[in-house]
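What follows is a pair of complexes built around chain A, which joins chain B in one and chain C in the other.
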Partner chain A sequence: MKRAISIIILALFALLGISPIIFLAAGAFMGNQEIMDAIGPVLQTHHGNASWKLLPKFPTMKNLVQLLLDTPEFFQMFWNSVKITGGILAGQFLFGTPAAWGLARYSFRGKKVIYLIYITMMMMPFQVTMLSEYLVLDQMHLLDTSASIILPGIFSTFSVFIIYRFFCGIPEEILEAARIDGAGELQIFFRIGIPLGAAGIISALVLSFLECWNMIEQPMTFLATKSLWPLSLFLPKVDSSNAGVSLCASLIALLPAVLVFLAGQDYFEQGIASSAVKE
Partner chain B sequence: MQNMKHATFWLKGLGVLLAAMFLFTVISRATDSITVAKVSVSTPASRKIQHAISAEGRAEKNREISVLTQPDILVRSVLVNAGQRVEKGDVLAILDLAHLEEQFEDVVGEKRALELQNQALEQNRRQEQQSKRKAAARAKSDYHQIIQKNNQAIRKARTAVNKAQRACQKGKDALRNARTALKKVQTETEKKKAPLRQKVEKEKETLTSLEAALSEQRNILAELQKTADAEKQTAKRAIEDAMATPATDHTDDINDISIQKLNHKIRKLSALKKGKGMITASEGGVITAVLTGVGQKTLDTAIFTMTDDRAGLKFIGQIAPKDAKYMSVGDTVTLESAGNQVEAPIASMELDENKEFMNVTALLPADTFSLGETISMALVQESENYPCTLPLTAIYNDNGKKYILAAETEDTVLGKQQVARKIEVKVLEQNDSYAALESDGIKENSKIITDAESFVKAGDRIRLIEKESE
Partner chain C sequence: MAKGKKMGWVFVLPSFCGVLVFYLIPFGDVVRRSFLNAVGNGFAGLENYRQVLGNQAFRLAAGNTARFVLVCLPLLLTLSLGVAVLLQNLARKSLLKSAYLVPLAIPAASVVLLWNVVFDNAGLLNGLLSLFHLEGKNWMETDAAFGVLVFSYIWKNLGYDMILWLAGLQGISKSIYEAARVDGAGTWKCFLYITLPNLRTVAFTIVILSFLNSFKVFREAYLVAGSYPQERIYLLQHVFNNWFSELSVDKMAAGSVLLCMVLLLFVLMLQRSWDQE
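Take a look at the complex of A and B:
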């Protein structure tokens, strides 16, 4: 009985959690007029109270067709997002993984200080580092280029912190055995470190993907050229003429994030579990 | 291993999504290239606005003349019809000779009567003048006689008055002496005084009678003078009446004028008689109207109207009133018909009766066009040089407000794109092809949309298919 109640309560919370997705899925197949009738009071174009339906009254593919066939701007921004996100993730894998390995597996002077700096940096929101980042990027003549978003993202401390925790979980005995067997440090890193820390690396990359895919402040700050904007800045203003397309765009923008999350979900859970067991 | 399969499945899904997105990227780009309006652009140019005005018209007679003759004469025959061409000297009609002779005799008789009347008037006037002169001489003579007679009578009366005055004075002296003598014997007895008193009384009586006589003489003198003045006035008036100018009488002058007219008529009738009653054309031309007929009497107005070859032809065409502002009297127009092309100045411009068209008239040079020929008129007028002109297709109208669309490069999500931007303008002058605009807000190198393959509104993305600058 208790279990059933728990399931019902959890189901209610889960329903509440996915309600935005239901909102998106239903709205993507509504006509503009139907959407404005429902959310017009929110946009102050209609009187009364906003309402929503789970199923469209008059389902239409018009918005989807318009988005896919008649909105090249959407695809331009989609591929901008892919470029930025892919660049950041590749960079994080390239630089973040060795950094985390070094911090986790080697003892050297100042290690704790460096780790403290990492933690401190990770806790700082973007608004704090925005000005200094802007000045540095300006000096490097990288403002208004995709590199102005990718470069700071590559050296994000968050992914290093996550991977660090996984690398710390690898038993020292395995590494010692490898050394005895004659393995070099690079071999140990590539043959033992990365495979055993894969769950952590994937977890870090999945989290970074979600963060980068939804990035808004950085592009708005560092990118003046509209052709470089990512998908998160598509249709910032919703009105009666583009409400349906906006919802469709949001729904499609959601798909890569969902797929990436589902692909990395098992590693993500495994990593968290092993980390918890280790702790 | 299970995790790997699970991840691979979703990663494949991600791959499919990316592939689909790539496919739709290509499709949407292709669609965009079709739907984005392709436009032709032009930069503003400095030019003069030409106004070409043309009209169709006809060659018409420039002047009509009338053929006149003496009125009230019977027409025996009419030899021409309306529209018939005649040369100078051609016989147009023949009058009845007997009736013409009768008219001639009537006029001659009328003239003779007036001449006799004038002679009688002259004779009467001379006699009257003679009588007037005699009457005046008599009146003057009477006047002088009356003056002389009255002067004599007045002199006599004055002499009698003077004499009576002297007698009165003597009477007064005698009375005074008698009174003085009476005073001297005042102290004497009454007996002595009595004769003296009687004398005084007698002298008083004498003086009274003398004074009465004097008064009577004075009255006579006054009466005489009054009578003399009246007679003098009467005689003077008689002279004035005798010398007065007789009343004006212009009967003879009027008769002279009538005689002159009759002489003129007689000369014309004589000429007609001499020409055996034939009426001929004074100039070559075309008969436009026959206003009399056989058996009718000639009118005091024209009996024929006809064109005058000497006056030539004129072109009359109609243009729209809106075009009239580009033409003015004196402008040279090109007239063309059947390969024949001449230039002629505009002689007049005036609205037609309905005020719908403007009639344009130009005098045609001699021997260029024939009467009734259809002629094309053309005139090209150039305005002042305007610094900013554009093809008329570049001008849009929004509820009376004129605007143009300029192609401008704008930073969009798709990169640098050409976008239509609205610029409100004021049209200064235009023809069928170009319009002159106020250059405010329009740059020299602005690319103005002059033609579009589909409808373009402000803010639309466009593609340039031509960068040609006119």
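Take a look at the complex of A and C:
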């Protein structure tokens, strides 16, 4: 009995969690008429209260076809997202992994200060650094280019911290053994550090992917040209003529994020957990 | 730890240079500007800070943000702990876990659409309420907007905090529970006298992480309600955005420095709790 109640409570929360996906998945395959009948009251075209069905009554692929054929802006935005996210992830891997290794495995002067700077930075909301980022990007003449999002993103310290936590968990004896066998420091990093810390690197990349794919404040602040906007700024405008296409576009916008999440869920969980408990 | 003192720097330097160029040096410039007048040439002392602290929009937003945090944190922490404890004893939990975590992956824009349909005056929630003959509200345009924001925050972060709690729960050894059971302690007693005390150190970490995360709810608030939302959900983040679009560099500089100082305090507390683990 107690078990049943707890399962019901848990299931209810779960349903809430996935509700936007259910909503969009049904709406993406409904015709405009069906959608307007359901949510017309919200748009003040119909009376009464809005309603929603879990499955379309007359499923149609029309929205998808129309989205694929008639909306080049959507693909532009999709491509912008891919470019921004890909650029940031590659950069974080290139710069962040060695930095995490240096902080985790060596003692050097100034290390404590750098560590404190890194964790402080990862905890600051965008609003704190907004003005300073703007000033430096302005000086570099990077405003209103994709680089204004990618370059600061590469040096966001969050991924360094996650990888750091995993690198700290590698036993020192392994590294000592390698040194005795004559391995150089770089060799140790590439041959031991990266393979043994792979879980941490992947965790950091999965978390960063979701962060970048859903980025809102940075592109809104630094990109004035709409053709440079990523998909995360795509605000579906629903009216009687395009309701179906808008819902379909929203569904496609969230697919990559949800797929990456599902594929990397274990790493995702490890990455989050690493900030509360040591590996 | 290896001896090669130079090696550490070699690994860290490329990343640190980027951090310096894009964040530290410009932030230093912002600190400098916070003491200059609006045109940026005369020394203004603490005038900008006085202006920010006396600014009505800033006060409203600071109050709202504080209230938001005070309401959300206890709610989120207890709910997520409850879910984590219930989930922990379940054999097949991976599917449920995914469902709690998926909101972290869903872009804000996709959520906003649903929220509009749910919380509109003629929306799904009011429709549901009318089935029970309860009076609905215009959720987004009255003080209830605050509730919608709290709901969004919890919806988004429940899974995140649940994972943190689960990590903490895993650290408690099973043998303590077994010993307590043998002595006749029930589920409830076990929770009160074993689980809770053992979670104390990790709880502190989780509180501060959640606090720092609470600033991200701005995304939803902004997308749902725009630059000038209902008064109760006008947050600090809105003030910053609006100063930015007015190009009030002096106010923004002082505001950023103030916010940074407050958050820095929490980061230092977080670091101490990590050291204690």
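FYI, the second predicted complex is superposed on the first by the 247 of 279 C-alpha atoms of A that agree within 3 Å, B and C clash if a C-alpha of one lies under 4 Å from a C-alpha of the other, contacts with A are read in each partner's own complex, and residues count from 1 in each chain.
Assume a residue touches a chain if its C-beta (ideal position, glycine included) is under 8 Å from a C-beta of that chain, and two chains touch if they have at least 3 such contacts.
The structure displayed is predicted, hence computed values, not measured ones.
Of the two partner chains placed by superposition, A:L223 touches none, neither chain B nor chain C. Residue contacts after overlaying the shared chain place A:I163 against neither chain B nor chain C.
By the touch criterion defined above, A:M30 lies against neither chain B nor chain C after alignment on the C-alpha atoms of chain A.
In the superposition on chain A, A:I149 makes contact with neither chain B nor chain C.
In the superposition on chain A, A:L205 makes contact with neither chain B nor chain C. When the two structures are aligned on the shared chain, A:V260 is found in touch with chain B and with chain C.
A count of residues in chain A touched by chain B and by chain C gives the higher number to C. Touch criterion not met for A:L89: it reaches neither chain B nor chain C. In the superposition on chain A, A:E133 makes contact with chain C only, while chain B stays out of contact range. In the superposed pair of complexes, A:W79 makes contact with chain B only, with no contact to chain C. Shared contact residues of chain A, touching chain B in one structure and chain C in the other: 260, 262, 265.
On chain A, the positions that touch chain C within their shared complex are 6-7, 9-11, 13-21, 23-24, 39, 41-42, 44, 48-52, 95-96, 98-99, 101-103, 105-111, 114, 116-121, 123-125, 127-136, 151-152, 154-155, 157, 160, 172, 175, 179, 185, 189, 210, 213-214, 216-217, 221, 231-236, 238, 246-247, 250-251, 253-254, 257-258, 260-262, 265, 268-269, 272-273, 275-278. Interface residues of chain A, counted against chain B in their complex, comprise 68-79, 82, 225-227, 229, 255-256, 259-260, 262-267, 270.
Contact residues on chain C toward chain A in their complex (touch as defined above): 1-2, 4-12, 14-16, 18-19, 21-27, 29-30, 83, 86-87, 90, 94-114, 116-117, 120, 122-124, 126-127, 130, 155, 158-160, 163-164, 166-168, 170-171, 202, 205-206, 209, 212, 215-216, 218-219, 222-223, 236-237, 240-241, 244, 249, 252-253, 256, 259-260, 263-264, 266-267, 270-271, 277. Those residues of chain B that touch chain A in the shared complex are 2-3, 6-11, 13-14, 17-18, 21, 24-25, 27-29, 31-32, 35, 411-416.
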